[in-house]
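The next part holds the structures, each set out as structure tokens.
In what follows, subunit A forms one complex with subunit B and a second complex with subunit C.
So, the complex of A and B:
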């Protein structure tokens, strides 16, 4: 069977799997951004306890395997009475994992904003929260967009692991098709191409566009 | 901690200085930057601070803007303590809340302008009035456009700082500080980062402020001619202390202290 015949026959399942992968990606991204922001800010807090909390979070989620984290959320938490539905467990694990990496980007982006910006914001008597939210974070965001692009690609590829807890994403569908047809080269070849197209022709151009958009907002372009 | 009982909780009577440094000391570890500084600035007075680098000039302004904490002594603005606050009949170091309440009287312009790069000139100036003073956008815009007109930047008000020259950015920064209607304005080497040909456009704005407004101003500068022209008083700082001070004609024309003479002649040679 040629690859074209293969796609002609199995495209509905591949498409539905791709849809789930994209949904997992979007949900994990939203969660990941929220966690990155929260942990990045806590990491810079004056309170040692809050800082300690963020450092512990980052260490745990960056220092251990994403797959193990996924299994913990899906298989171990129920032992403590917390049951998480598989779809939720999937994007939660990926989002929480990416959040730990993102937190360091947020922290670095904030520290890269020149000290004079803090001082100017203080000189017009802005509160600490407004200084951060209105003056520092927008500039930090521009600083951290390029590395965020890489992180997003990592995140997309990371979502393939959710197939291991039976979330019916692209990888799950590919394995199912392989199990019944043994057309390994075709099915995993197509999966490879779909991941590549998502990363290279959708995600990367979007991040580039976002960088240009932000540069325009900053009056740089 | 220092016993604060020697410092009044409020200065009353006639002729309250707008700014008062009372035995203010600032040190970084063993390095003493300011040594028991006493300095009164009257309301409406323009005081220039000159001196060699490392003499503590800029630190004076930064402490007044509350960008730096002081180690001992007390700073008063308009008769009320800035760096301290009264609590149970004594002065204690100011809380962040107290600082926010008192800082409102002070505005500052920086050597490197520090405009917010993600906002236009107009937005830079409206940010404080809207976000801090709680003005409506329309009110803030009226106030801000008037100031941008005064500094000659109304035509460029929709430009981002990256599109403006140094002199233009500094004029916007002056408008931004004035938009908060401070009682005291601080200028920290505002012409030092500028190309020679645009220094005049910034100093002209400051001249206009001096002649048309009753602001109290402290200015750190390396431009002796400018300081001489517009100041009511010039303070020469050396080694964390005021070595000599007086009206500009006196200090520049007939300096009494040897260090002042040395500094002024060194500056003259450089020009």
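So, the complex of A and C:
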């Protein structure tokens, strides 16, 4: 069976799988950004307890595998009475994992904002929250967007693991089709190409656009 | 705490330690392949043949932006379709080695490019051959700036070995799965696997930093 006949026959399942992958990606991205911001800010907090909490979170999630975290959330959390549905467990694990990496980027981005900006905000009597929100974070965002591009690709690749807890994403559909047809080269080849298109021709251009957009907004371009 | 069974933990510990050995072997072997293959890919991208440079560049991008899990399935299942039977270990090592060689090629490339142009010119002025230039001038200077990235990916490959469980490599997660389904207890095996990962990857990251500053000192930088 040629690759074209193959796609012609199986495109509905591949498409629905791609849809689930994209949904997982978007949900995990939202969670990941929220956690990155929270942990990145806590990491810079003056309180030693808050800082310690953020460091512990970051080290635990960066020190273990995404797969281990995913299995732990899906198989072990129910033992504590917290049952998460597989779809939720999927993007939770991916988002929490990426959040730990993102927190370090947020921290680096904030530290890279020149000291004069902090002082200027202080001089015009801004509150700490307002200073962070209006002066520091926007500049930090521009600083950290380029490494975020790489992280988003890691996130997209990470979503493939949710297939292992039977979330019906692209990877899962590919595995299922392979199991019934044994057309391994075709199915895994097509899935690889779909992931590649998502990463290279959608995600990367979007991040590039966002970088340019933000730079323009900040009057840096 | 939460129905944690210590007797069971001690009982499964030897199996988990044995599996840790397999995980470390997988990470080490995969990394060895990636180190060599990565250098070849990096040098190929510096060649004078435009077509070769372009092809290698696209290949590296392709591998880097598609999920390792899918690549592992691809290598494992596509071989038999064409009459090549690979053991889980062999296909796992090929997939993970290839995946990380693409990351390492970028690290090498960055390191080589960080060597100032004047060094190349000086080597040419001294009438050194290409091989001598690389071996005696460029590579020694490229190593310090590449070391941090190389270390990160060593820890990275270690944390990605659990994906090999899907094709039946008896590493940590595979063993934890087996223990869990034999005893209907997932709390202890999965938690222990997480702790083992932490216990190895955190000190490893620290050791790599120490090693890096040692090499820098040795090279007088």
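The rule is short, and it goes like this: the second predicted complex is superposed on the first by the 221 of 221 C-alpha atoms of A that agree within 3 Å, B and C clash if a C-alpha of one lies under 4 Å from a C-alpha of the other, contacts with A are read in each partner's own complex, and residues count from 1 in each chain.
Throughout what follows, contacts are C-beta pairs under 8 Å (C-beta built on N, C-alpha and C of every residue); 3 or more make two chains touch, one makes a residue touch a chain.
Keep in mind the model is a prediction, meaning the values are calculated, not measured.
Enquirer: If subunit A is used to align the two complexes, do subunit B and subunit C fit next to each other or clash?
Expert: Subunit B and subunit C fit side by side in the superposed model.
Enquirer: Using the superposition on chain A described above, determine whether A:11 touches subunit B (first), subunit C (second), both, or neither.
Expert: In the superposition, A:11 touches no partner, neither subunit B nor subunit C.
Enquirer: Spot which of subunit B and subunit C makes contact with more residues of subunit A, would you?
Expert: Partner touching more subunit A residues in the overlay: C.
Enquirer: Determine, under the contact definition given at the top, whether A:213 touches first (subunit B), second (subunit C), both, or neither.
Expert: In the superposition, A:213 touches no partner, neither subunit B nor subunit C.
Enquirer: Applying the document's definition of touch, where does A:68 land relative to subunit B and subunit C: first, second, both, or neither?
Expert: Once the two structures are laid over each other on A, A:68 reaches subunit C alone.
Enquirer: At the Cα centre of subunit A, what angle separates the centres of subunit B and subunit C, to the nearest 10 degrees?
Expert: For this superposition the angle at subunit A equals 110 degrees.
Enquirer: Could you say whether A:138 touches subunit B, subunit C, both of them, or neither, answering first, second, both or neither?
Expert: first
Enquirer: Considering only C-alpha atoms, give the closest distance between subunit B and subunit C in the superposition, rounded to the nearest Å.
Expert: 29
Enquirer: If we count contacts the way the header does, which residues on subunit C are in touch with subunit A in the complex?
Expert: Interface residues on the subunit C side: 2-3, 61-62, 64-71, 73-74, 77-78, 80-82, 159-163, 165-166, 173, 176, 180, 186-187, 190-191, 193-194, 197-198, 201-202, 205.
Enquirer: Mind pulling up the subunit A residues that touch subunit C in the complex?
Expert: Those in contact with subunit C are residues 59-60, 63-69, 71-72, 75-76, 79-80, 153, 156-161, 163-164, 171, 174-175, 178, 182-185, 188-189, 191-192, 195-196, 199-200, 204.
Enquirer: So in the complex, the part of subunit A that touches subunit B is made up of which residues?
Expert: Those in contact with subunit B are residues 114, 116-117, 119-128, 130, 134-135, 138-139, 142, 217-220.
Enquirer: So in the complex, which bits of subunit B are touching subunit A?
Expert: 65-67, 96, 100, 103-104, 106-108, 110, 112, 114-118, 120, 127-128, 131-132, 159-163, 173, 176-177, 180
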